[in-house]
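Think of it as A, B, C and D in the order they're written, each chain with its own count starting at 1.
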């Protein structure tokens, strides 16, 4: 099957999220332990995460749902309203993001929970823009948080979590 | 916030899944332990599951994605192809369903894994119809399996898993 | 099968955690949304969580592992060392706690991630005491965080997440 | 931190589980799709899974709990009874195993659910021996099923799920 890695990077950029934006969230999550880290140091971890098929599919579904809501294209107008107002009790956006964090173990999951509550950087930014009523990033902010959390966890585990084949 | 229980029952029926269809899958999952159970006996458990908000949202997203794919409405044509051919390595459909099974504990999750692999009843039926290239039930079969698995698990736990307030 | 609810409350108290301690963490997690809440208001939610069998078993395993480590009773001395120094990359303690949070949906999981990173109240306290080298609370702090996070989530969902049978 | 890979292989062997036993379960799980596969072909995937730290810790906790129960060493006699009779509604054993399957995506989880219900090979064998009242494998059979399910999933995904750094 095709690898959608480059395609997903483009999807993220079209929704105004760069890999450096995500890397900066990872850096923030690790700053407590390693103050002098730079965002650039998380780019290899992020690239490795984006190489995974299930991560790519979670991104594709997230961007699609947000764009459909923005375009008022949904068959289900109840669901469209929920997405457009980013209903905090919705939950499916976080569940979709767990499909990413689960792959990186329990630290990725706690990192995600933290950043989901204490929004930072690009996550705060797209969350804010979603409140305009024009843009919708209900699914995207969770996917971005999940990739950042996974990269921070991968970094914390050092090289050991990487398959050694 | 609104409760979408009745709305979701209608959504399922529009996709040709009745509560009795789901109950029959639950009965099948418990038949190994209690041979003489009828599908009807699982209806209360299914009703209680459908009363939960996160279950309702998982159903709404599943049906929406399937219908958008059927209508060839997706912005992302790569994703549309994946949904229309029910790509076995997709995974987001199962992740969405875990949002339901997780709420009912570890037995719900193993029941779901079993029924996802060994399709039975309505799950086999909609899965088969999805292969026509006309209908798409890529997300729906997992959501139906998850509700059936959760109901079987709730039944196995007896009344004790129910909040006692 | 027996219900171990009261037994588990006693286990927690023996490890110096009261229901009010847990309720105060829940209150803290909801304070951002409802400033004037008191810890007492979370006691019904905590009682309902403790009534669930899988929650009781997660508590029992957590306390047992911690006590075995404290008593230097483990067959596996490598594992004993890991538990006694509360190795941050261990992860099984969080996985055990997910057995609780999963039952309460995606908001419980993000609440747990937040409180796991930003320790508060009884969680900070037992975590600190675990550093003495005498006591071990490697599993317990996660279980306490999970119950508090679940109660905060249940509260956020209002009465709707409760099974309506 | 130390890598406990070899140590864990020895722990499994001491509990009479070899890597080839696990590989044979993986082969069985993939036989439906690829009839002519041999168990040997899953050994590289199993080795790569065993290289992960969180997998090692899940194995160590599983074996420790089983051995403590066998030795009647538990402080909590209620828990000891539950472990010795392999109570089907216990659930913590499966939760511990999800710490392994989650790392390998949604197909690993459905594979695990299937093999947990439809026991095969070494899983049936240790499960059977656990019923003697002498041996206890309540945690181990789930960990073995999880590794086998993860290896089958890794195989299904081909080389793509492997981090590409």
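Here is the rule we use: contacts are C-beta pairs under 8 Å (C-beta built on N, C-alpha and C of every residue); 3 or more make two chains touch, one makes a residue touch a chain.
Quick caveat, the model's predicted, so the values are computed rather than measured.
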- Far-end chain from chain D, centres as C-alpha averages: A
- Message: Shared numbers divided by all numbers used: is that above or below half for chain A and chain D, i.e. same or different?
- Response: same
- Geometric centre distance via CA averages, chain B-chain A, whole Å: 26
- Query: With chain centres defined as C-alpha means, what is the inter-centre distance between chain A and chain D in Å?
  - Reply: 30
- Where chain B and chain D are represented by their mean Cα positions, the distance between them in whole Å: 27
- Hey, what residues on chain A touch two or more of the other chains? 1, 53-54, 89, 91-92, 95, 98-99, 105-106, 157
- Message: Applying the document's contact rule, which stretches of chain B touch chain D when the two form their complex?
- Response: 88-89, 91-92, 94-95, 98, 105-107, 109-114, 116-118, 156-157
- Query: Quick one: in the complex, what on chain A touches chain B?
  - Reply: 1-2, 4, 7, 11, 53-54, 57-58, 60-61, 63-65, 67-68, 71, 73-76, 78-79, 82, 87, 89-92, 95-96, 98-99
- Note: in the complex, chain D contacts chain A through residues 1, 3, 44, 47-48, 51-54, 99, 102-106, 157, 160-165
